[in-house]
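Contents: one structure, followed by commentary.
By letter and in written order, the chains are A, B, C, D, E and F; residue numbering begins at 1 in each of them.
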């Protein structure tokens, strides 16, 4: 049994509260165990300079933690005057992942700003951000689609992420919490589509390595968990889920 | 009748959810109408260099808004690489206000970090931050006091803040929402103690001025609202409120 | 008697040297006791982006201290690479205050840059800056008005500022020098128009509070001092003062 | 046939010039096709604050490109005043990868600074950096080991990296050049040890996804190429290679 | 005749007002034609880290211009968040020049901070800064010497600077004002000691070159002017000048 | 005999490898003793804002050192987030020097970016940069000239730089290496044209001074060395040298 009593293939409880905030076009509060992230999607009617005139849209993400999301208070990146390498890595990952399931042509020259703000952290903040941001983004696109600003629903498939890892005496386990993450020998984040294809796979040995065989187990563990998460996402979306279903069937 | 149907002397609904987060020593989610702020208090066992050896503690505050707390998305200050003048002004105000009701000697050489993160903004974010931060700070001190780390309860009185303003055709009104704030001729923030004394008074004519007579009305309006807020704070504190009552009676 | 021998209601000697520098459209060296500030007004023939097309002008202020304006040398903000919270608060105050007595429509799409550089500091640098900047700005507008670049003289009233405070054993006193300021229990900056209306009122208890009654005394003390300052400003302006008189009479 | 005439499983020519610079403890110029990187290893006799007293060493990496390493000149990060997200991601990857094959205890409280400066870029700069930095680091450790500053040779295995990708009409190919990289559907960087275990696996769909089956092919392709690179590394090391062989046999 | 009516070898009027400010250990307002610079010297009782334990002192300089010292308003370097290359070049020059006439051993582990703040600019601000800073520094050392904090007067000779240049139709001229400077073909700054030796010589062709013969003329012109400036400095110093005379005679 | 066995008037071995990199319009690796600098010239088809519409081109230079170009590793300026005063001084010098031998009208509204990246440092990096950058720039212009983008060859003369200095017991010596430079009493950089005119002359006493007589010797020493360097440059240019010869003869 794991440190919080879970089985190796068991996710922490996931809850997605939609329409969490008043102003953004899409917003959720996603809870994965004790990890809580506010994900919002904002629509801007123009694209960054390098894309102007392309007729295509863009999706960009920012990620941040409240100073006291963690056990020890962190100094704000605004006070330090610069964004850390870790933050940049995460926000690049989130943006890249979401772009993989969006038809950028069909959204026109618009930018979707994704903001993932972690208000409480207990491991898996980047994967929770991707899973939650997908819902916020879908809501924002639904508004554009329902008021006929865009003609085709631009999302081509579900998208979610989870972490897996190898822990001493346990082997491959699903959805690491902070305590597990800090002692994992290998840590892997998997971003997958509803159809079961990979969007991003980042496996890292923490002063350790992993064999091809262990890689196989990690991937199977992640795939198992992600199937469950897709079903939670579908429920959270409610009727909007139909837009995605229709797109996938085409 | 005001834009949201309130009377001139009527506050928006205020709700204070205590113990909102897992990690901080004190934390609340304060809701004032559509304004929502997460306030946390973190205890650090040392003071900034300029106070070392003084035997006294320090209270410092940081304030921030999520990018999409507002109608239009704001660029993160961490992305801009610097903190705006407005943010600095607000965090200096919050820290100064809280220090006015704390006996810094009795907390020893500790720093209390107050973080006020606005997750949804509809006017009055700085006054809501002060009102909420007071609760978070009181909770944090209670923990120190109850586990006997400090001997005297360091809070000397209640502290809350509200805004008042002069609006065309309405005169002095209490607790401005964003829409009222943007068209106010005069805007005043009042920070007051439970005993009815001023800690901070900041009145500003927005390309307008105000007479001594109008000043008098603004102050009476604020005082009226603050009395009500003190009572909401007392309820939110629950049994901890007794520590303050005892201190005040001494 | 106060530390420098003044009465409670007595200002320090104020001297305003006009046309102090060769290049700016308006410039003064204002001396208030040992506090010396160079205030200049520069005219730029365009406004910031957020005001373009509005037909209105803008007034913005910057404030700085020479490193050795003070008893201890301060590190330059350019060396630190960022402007402190205190500086930002002051320059926002100066700009806001000046805008309150200027008809921004009548100056057209121009920006007035106010620079207040403290070359010697002994308390009251922000209030001296406002009092001096008003003169520099008035001179700059006179040039525009006299060469008929603008048709209406844009200043609607006099503007000056002073500080008042509550000092142990003295109560409310006028125009605090540095030594008084550092031990004041309450410190208040008052910005007022010639007509006796408030533009800005910022009262702060320094780890102390003040009662409604004390507020009243502070305001009366400030009003007394400001009347005297308006008369000093009028003399400093010389014939240009007539433009303001005419505007006020309208 | 690929754009430069290679087979799918064919590496570009790799050349490693050792002892390239005079000052560093280890330095190479690694050439992979038209990609050229100067990799140096510098030894500092202390560790960062968070590791002091641990008795362990640390390895940290920095990565940069000369402005004209690329087809279009890039603005220097020193001129921009900040390091890009891409740069941070790469230098974190290099450091993490190298640490996986070093016994940090046996180097004592020392920091190894790895600098990878790309002087000419044609794709695969991060993987060439890892492959070259491993040699520079090994040289630096050899000096410590040969002059008996450290008792155990700290490197536990070979380490190298390469990229693989899926290209339209070609499927999985080895060691992408810049032209291939810009049109790849999937791009994967693989860092592996001499024993054939993974240290890092980063696969990314570029507005595309990849199936479990394709993942399998990519991994086989990378493994094929890495075996060849280990042999090139061994030759470049010359007699120093024996230290690693001995360590591995233990 | 030159643009302002001077002869080729004629300096602009120079005036040095000593004890200009209240707080610094040494301070002057130096006026050279329309160029006005406030120079202060501040004593700090420690040296920068790289000199600790050396038993020697250090002299460092900072240079800045008020935004409206010039015809067009300049953006403050504190607002831009960085110091320009020109400013850095000038402050390095001032510090280096002053150190050349100070016996750093005899001042002990102290730092002398020189601040040169240009309040009005009309060419030659860096040379006026050096000439004025020498006086401010000498005053500061006199205080240390007279109160017996230091035993030997540390200044070994006079130090002053001027500019010379080659102007079309005039050839080599002394002490260029801004208008001359902007059209000079060659511009040279000369820093010299009272004994007639060079401390610094910086000659620059502005999209032009100068022959060995012209170099000779420029040097003679500068030497002529500097002799006159030494005599102005001596008068400005008053009785303190004796300390230098005594030192030089030794 | 000098520390490395050279005569007083003897240069270190100089080698210039042309077409060193693939992408830039001009690029060299210049070696002066143990000092090695990669100099590139990049052509951009526009000029900075302050020159737009002038019909003239611009030349700007950047200079940097690899962290381990030196005996001790230096922190990257990109990591520090700012460029040092020394770096700025050098890059301003390089740009100014090169502009002196280029007819900016004949290159049209183009910017030539010069990048000098020191990969190994042993004194004289700034002068080696100028000498090498002249070759890289000439190559870049030749391409423009040969493909008839520009009609007149824009280089008006050769340009090279060297350092001279006064060393205890040796007097004036040519081309100082790092060890000599650190103990030189006087250090002078001389930038000269093929015709023997000065472009830049920067002599500095390092806590020392130099007499007019010593200045004379330094200049003669530098002139001697520069004649030799011009001949090395001519050989390195090969047939391109003819363009310069023709220009000079006109």
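Here is the rule we use: contacts are C-beta pairs under 8 Å (C-beta built on N, C-alpha and C of every residue); 3 or more make two chains touch, one makes a residue touch a chain.
Please read all numbers here as calculations on a predicted model, not as lab measurements.
Separation between the centroids of chain D and chain F, computed from CA atoms only, is 34 Å.
Each chain gets one centre point, the mean of its Cα atoms, and the points for chain A and chain B are 34 Å apart. Taking the mean of the C-alpha atoms as each chain's centre, chain C and chain F sit 52 Å apart.
In chain B, the residues that touch at least two other chains are 81-83.
Judged by the touch criterion defined above, the protein chains form a single closed ring in which each chain touches exactly two others. With the ring opened at chain D and read toward chain F, the chains come in the order D, F, E, C, B, A. If you check the complex, the residues on chain C that touch chain B are 82-86, 88-89, 91-92, 96, 99-100, 104, 188, 193, 195-205, 207-212, 215, 219. By the touch criterion stated above, chain F contacts chain D in their complex at residues 21-24, 27, 34, 38, 40, 42, 44, 62, 64, 66-71, 73, 76-83, 87, 113, 115, 117, 119-120, 122.
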